[in-house]
């Protein structure tokens, strides 16, 4: 990832997921875009997907490792409440804040807070939003040994269309480069225990096609900024999705 | 204005207003930011402010010319329905589309479409949105002599806080540079017939201070993109307003 | 009506309607509340209801006169585009602004701007909102002989439940006094050409019962303030609808 | 179309469009579904598409006729303001109401009222909604020779994704039958002057795929009911889109 | 209940409630409609109403049993956190998912997730929504002995008007049949400890009257589908609430 | 505080805060307004601000005591989960309900429930809303020794602009009296450990200036009523914020 704006010490992109395959399906192309451009990315997964209908935890961890390697990212698992058991806890948010302080990202990716989706997703989204604040507060006792860190932006992703927030305007990431679509597809297919059972890959590529056609490109991924974007000039705001 | 993204032939910034002072109050600092950086800006005003409680049309036109000069922008008046008489007409939108084809801007600024504000404002906003589409359609008979033009983005401004849309996420333009605040203030004060009667300057600077403190800068102006922003990487999305 | 806050010269309550029976059905009890307390009320109706399925224009005017008398209000008809033919025109809004300058009300009642209702309703609502602004602008040429007037508040009413705005919080007027319900019912029944065909009276009383039970009273009518309420203390904000 | 609920005299499906190709792109599969099941469909188009960048009016009319034939529908053109010139007029809404009285449909299809789309689309949507009411009012003088008619439901379609309303819940029509997708594709391709220039067919099929995967079927089209659905039992509400 | 669409093995209607009287007040008529038509219904209540101002837990359980018998439904109590003590817990949601797997309903009724209502209501609503997903996931360890089950639709009910969601379109169930209103009223009155103190019955019948008048029938109950409705044709979407 | 409407036994204003300085920053002027008018106010703070970057718990408690004295309010600290550790717990809400029963306020102030703010804020807001209901329920076992109490209104405050709810209409409290602004400023500055590090005072005064200019006064504070306001006449609704 080339140096991001206004960041004296840009760390890797930090991407949070409730399950081993969420990031690959929702925004694997975006992660690949950043690593292909030379940036680092660190993935944090909060369960081993053990509640899914297909795949053992061991298999799913292996799939996630393979996918992370394809995306050029490092990977870390958290031992939390378990798949389908995630609860909102201050301790979780503080642990995430500690990871933010350690990784020191400019951008954090997390699932959206829309409640009508997998319950682990919106709970992680809400705790990620909390954590981005807690990472800045100097007096949090569990974190006192780590220097505070203010991220630049929290971007929500939507694993499925119904998880797209209606109260935040999307930004569209152009991921049309054929090598990005290829590595994204490969990273999704690395989760063979899932893709053999459901048509996830097809869903994601069709979504990226629809967003892409709106943006006037081949494929695009929508992300939803938690905070208003701050610009120095009109230039970065000058390209809108007006394909049709 | 330095060359904007994805535009083979970037023209000036095009800014549309219903009344002679709207642009200066709402986003004078943004216009100054672009012209100070070497870009061109063209202002189009659809009335002479003749329905206002203060100032004659002649005075107000003179004030607008002075303000435009301060902002480094060219200025054009339209002879439409008159201040406080603006109506939604296809002919108006088509005329605006013709101006877009002539000026060939990447970015267009227009008042927001929020209906609870001065009636001329939201009507112009709606017609500006329509015009941005019509400018692209090759068969509009009144415009056949002009080459079609697709703008990059339509950004809405809000002359007063209640005009800020609730269904579009704002982007914040950092206008903290002292010379920008100075020229903005001067351009607002150029409308002496208005500023002597109401505390418009104070309102706008207080708004810019509140947005600025949210963005972690001195002063900022909020604009509201009509279409989702399209980015090539995460970099332009990496700075969010998280001042508090 | 006892003197309203912050008004040096409180005029009558001004109530605007698209059709002869709209006010009685939507908020007859509110008008009666104010006139019973000694205030004046002036009703302005923009058509003779000639597009309705029942009742001739002559009948409907007579019904409206009878209802206005019951409510203790004066009544005025406008010759506009005709029932079911209302269009958004600057001239209409300016004429309404002239009425506001003449009547000098503190409070104006108008139909809501929700678009999924009778087309005349939301168009009048939108023009009433515009007119409340135009009445304050000194330079509107058609109105130069009338002193400008700033109303205190524009309150939207909803003739039917689907016209209740979702983006404005309601305020509930307690109209439980038996004499208010009686005169309201009588005023609705004055529109015999309508009430004989449809169960409008029943609808309105059931609505007032539901709102009333929420407010902890017998009957209440919901109105929707166009502008944030301004208070000198917490006292007027201290009673909320928490009946259940 | 098999007899719809609660309709003593069900007429054809009535579908309204601003341009010759809007219906085919937005919901051709839905129309085909009804005609394939034995129902009638009548299409009304309010311009000849003469403002488009591609195709002459003559060509576009021919394309529309071919597409209508493929869909098994009758077709009628209105001489209104012209493509890209549509204005909100009471006369237009009344004319649509007259068509409703003549055709006597249970269901009417019209473009959504979302304002950030082609200006002709949302204006027609708004006038269609008005017309559905006017068709019921017995006293509209221009329509006195036609018996009043109350439609069963107005369903909005979205020609492009940004036209999907955010304040109405969609209903999804399962159009997965291969013959439906085939005839829909053929009807879209009948508009060769458009499809040769832009990737409209691809956009619509990708959208239908995304909605379909959400619904657990191959392809689905989203429509947005203007009024709450009324059911006799829970059965018609018992199938929800929970594919992922 | 007659067989619902698309369900190879339709089980009973499953209705979830936080307190012994919630279901009867909110949607007793809907449950009666289904059982009168031959379907089965199973009610699950998560407390004994012990925090209420009136009635002992023993009384309230007896009232619930009487009401369930009147509605022709079976009844089950859960031993959870207690009335007014409900918390969001993964274990609760998983237990609900287990009930869904055991009962195998096509339709589930649950309180809405609107937060400004009794705290137990929205928490149960949120956990019901989560449970509907968890019931489909094969690897949830606590549920491994039960076959996964995908419900058809989750319908939210609103015990009071402020619990009606603003972001979901309602569907209206016609419950006008006199015997339905009668049994509904009787089932509400079975909760004598509550109805003697508050005018709940009157509130619910007035609400059903307002919804009914909108739908053009005598009485209707509004429910809010969690997922978009999926239809095979336009027929089930063809009746809208356009009474006024 | 002068006697509030409809309250036989008005107790003090009750104001709830997550941190020692939240109330002073968000609505110190409102509290001062009520105490200056002779009313009582009781502040309840749920942490000692120990997670903040500046100030020790001991210092912050001392600052809060000084500020409360300036505002003429009594002050109480709760020993809960600790700053940045607040969790939604039934026990917390019940404890708040107990405080409501003890203090017997007509009006309660609490932070808004908007989730994109400090996590302690919205959690307290949500539990305050729950508590206002629980205080009325006679059977809550932990509270049986206290008489039930129904508050008149719950008003949400927003510590920062992003915490202002978008789905509730604000009411504006005029706090322009110079002595109010003075004591408010003094109370904010009493939190010297915070104000020395961040420009909180400037933020709040600029916000109050923007709201004030909208309301046509010098300074105003926006509060957001949780329940619809109930009025006996139009008088309290007759002043709207229409400054611009």
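So that you can tell them apart, the chains are marked A, B, C, D, E and F in the order they are listed, and the count of residues begins at 1 in each.
Methods note: a contact is a pair of C-beta atoms (placed from the backbone, for glycine too) under 8 Å apart; a residue touches a chain by one contact, two chains touch by 3 or more.
Treat the numbers as computed from the prediction; the structure is a model and nothing was measured.
Student: Keeping to the contact definition above, tell me which chains border both chain A and chain C.
Tutor: Expected: B, D, E, F.
Student: Examine where the copies chain C and chain F touch and state whether the two sides share over half of their residue numbers (same) or under half (different).
Tutor: same
Student: Measuring between Cα centroids, which chain is at the maximum distance from chain C?
Tutor: The chain farthest from chain C, judged by C-alpha centres, is A.
Student: Matching D-E on over half of contact pairs, by residue number: which of B-F, A-B or C-D?
Tutor: Most of the D-E contacts reappear at A-B.
Student: Provide the C-alpha centroid distance between chain B and chain D, rounded to the nearest whole angstrom.
Tutor: Centre-to-centre distance between chain B and chain D: 36 Å.
Student: For chain B and chain E, what's the span in angstrom between their mean Cα positions?
Tutor: 51
Student: Which chain B residues touch at least two other chains?
Tutor: Each of 88, 162, 166-167, 214, 226-227 in chain B touches at least two other chains.
Student: If two chains touch, include that pair; go through all of them.
Tutor: By the stated definition, chains touch in these pairs: A-B, A-D, A-E, A-F, B-C, B-D, B-F, C-D, C-E, C-F, D-E, E-F.
Student: Please give the residue numbers of chain C that touch chain D in the complex, ascending.
Tutor: These residues of chain C touch chain D: 49-54, 81, 83-88, 115-116, 118-119, 162, 166.
Student: Could you pull out which chain E residues touch chain A in their complex?
Tutor: 88-90, 93-94, 113, 126, 129-130, 133-134, 136-141, 148, 167, 226-227
Student: Which residues of chain F touch chain C in the complex?
Tutor: Residues 1-2, 4-7, 13, 30, 33-34, 37, 106-107, 132, 150-155, 167-174, 214-217, 220, 222-223, 225-242 of chain F touch chain C in their complex.
Student: Residue numbers of chain E touching chain C in their complex, please.
Tutor: Residue list for chain E touching chain C: 159-162, 166, 198-200, 202-203, 206-207, 209-210, 213-214, 244.
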